[in-house]
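Chain IDs A, B, C and D follow the sequence of writing; residue 1 opens each chain.
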Amino acid sequence: MKLNMVYFARLKDSFGTSQESLETDATSVAELLVELRQRGGSWATELGHGKTFRVACNQELAGPDSALRDGDEVAIFPPVTGG
Amino acid sequence: MKLNMVYFARLKDSFGTSQESLETDATSVAELLVELRQRGGSWATELGHGKTFRVACNQELAGPDSALRDGDEVAIFPPVTGG
Amino acid sequence: MSPFTVSVQSGRFDAGAEIDRLSRNPACGAVVSFSGLVRDYGDRQDVAALELEHYPGMTEKALHAIIGQARERWQLQAATIIHRIGYLALGEPIVLVVTACSHRKDAFAAAEFLMDFLKTAAPFWKKEILQDGSAHWVEAKHSDQAASGRWQ
Amino acid sequence: MSPFTVSVQSGRFDAGAEIDRLSRNPACGAVVSFSGLVRDYGDRQDVAALELEHYPGMTEKALHAIIGQARERWQLQAATIIHRIGYLALGEPIVLVVTACSHRKDAFAAAEFLMDFLKTAAPFWKKEILQDGSAHWVEAKHSDQAASGRWQ
């Protein structure tokens, strides 16, 4: 299936991209993160255990167990700092 | 000695006066109140025990034991309701 | 001009202008305002207007004293209290409190403290004027005593 | 127009106009506003400006969701959240929250709640631009997590 990935703020800078279309078999957020870490480099560093980041699925905050479906918009970003 | 008495809001209406110059021997707020109650009528009613009112001496809130001096401005008024 | 001002006035105030003025202090990242308005449900349902009386001289002293107490508790960079007197129709603003602090928690706490103490320690009295033209003095609310008591 | 509005915009806002708009509701006796400004002491002492990024689409949803949570807790008659994005120089306003309630306690609590949750749940990110032209992303503050945690 295909996911529309979007990245923001520090993660966008680290990954060197703000969005991508991703072909994956991951069915949960946790599985997707395992796959992204396997890319190595800043992906492994920024998404490593002990790092703080947030995942949103279709513009709602998601947890590791959140299910993924074909066509979902999945965002990964640092803790927010507005206001 | 002489006190400059001022009354506000409901007490002003009840007493039928907003200010008066009072010749008295009262040396404390408590003694002054005893004297005012002896006038009877609305004075006895409004300043009676169990009634809630405030006394300010020279524009600062005063208690029963607050001392009075010649020329003091003594205000008696209901609990405040601004804001 | 001192960053701490109080005003007792019959005319309207401009909340936005006061907020803008306090926002000019470069140390202030947080500005909180409270506007109190004449509501249509005071002690009675048929209120047409209020008449606000105060104790000239003591009022200004009391408002400055309340600001002084807030400054002892929080890093308050600037504050304004404006309270109107006289005849105020339904919907008119009565009171404005604005606080400016470095941090939002302080600005919120100081503004709420100023309002709670103003309601119990500043010599203002409200008379409600009803739609039939009759009028009566508003009784002090127990909830206002409780609100100021919780800061002690 | 709904009494609950959110706006994400690059231009300045007019706090006074928003307060006046929410003050027109005859049921509202209490209007509280919070204005957040670009300070000169973020993570660094030599901040010249901020660059605010957000997640278009999710931001508006998140702000409406935060207002929904506040409405479950308090009798909130009206509320406005305006958050700016893009380049904001020192002293510029960043965020405005205005709440209107029947009672002041609710208006204060709801405004503080909206700010605390906005700071942890709305997808905005600040980049600090220093006087030498260098820039870095601001780290999330533990105090903001604590501030939103206390409502739970």
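Simple rule for what comes next: a residue touches a chain if its C-beta (ideal position, glycine included) is under 8 Å from a C-beta of that chain, and two chains touch if they have at least 3 such contacts.
The model shown is predicted, which means the values in this text are computed figures rather than measured ones.
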Original post:
How many angstrom lie between the CA centroids of chain A and chain C, rounded to a whole number?
Top reply: 49
**OP:** Could you tell me the distance, in whole angstrom, between the mean C-alpha positions of chain A and chain B?
**Re:** 72
Original post:
How many Å are there between the centre of chain A and the centre of chain D, using C-alpha atoms for each centre?
Top reply: 26
Original post:
Using the touch rule from the top of the page, what residues of chain A touch 2 or more other chains?
Top reply: none
Original post:
Touching two or more other chains, which residues of chain C qualify?
Top reply: 36, 115
Original post:
Should the pattern of chain-chain touching be classed as line, ring, star, complete or other?
Top reply: line
**OP:** Give every touching pair of chains, nothing left out.
**Re:** A-D, B-C, C-D
**OP:** Sort out for me which residues of chain D touch chain C in the complex.
**Re:** 14-17, 19-20, 23-24, 26-41, 90-91, 93, 102, 104-105, 107-108, 111-112, 115, 147
Original post:
chain C touches which residues of chain B in the complex?
Top reply: 6, 8-10, 13, 52, 56, 59-61, 75, 77-83
**OP:** Would you pull the chain C residues touching chain B in the complex into a rising list?
**Re:** 36, 52-55, 57-58, 61, 83, 94-95, 115, 118-127, 137-141, 144
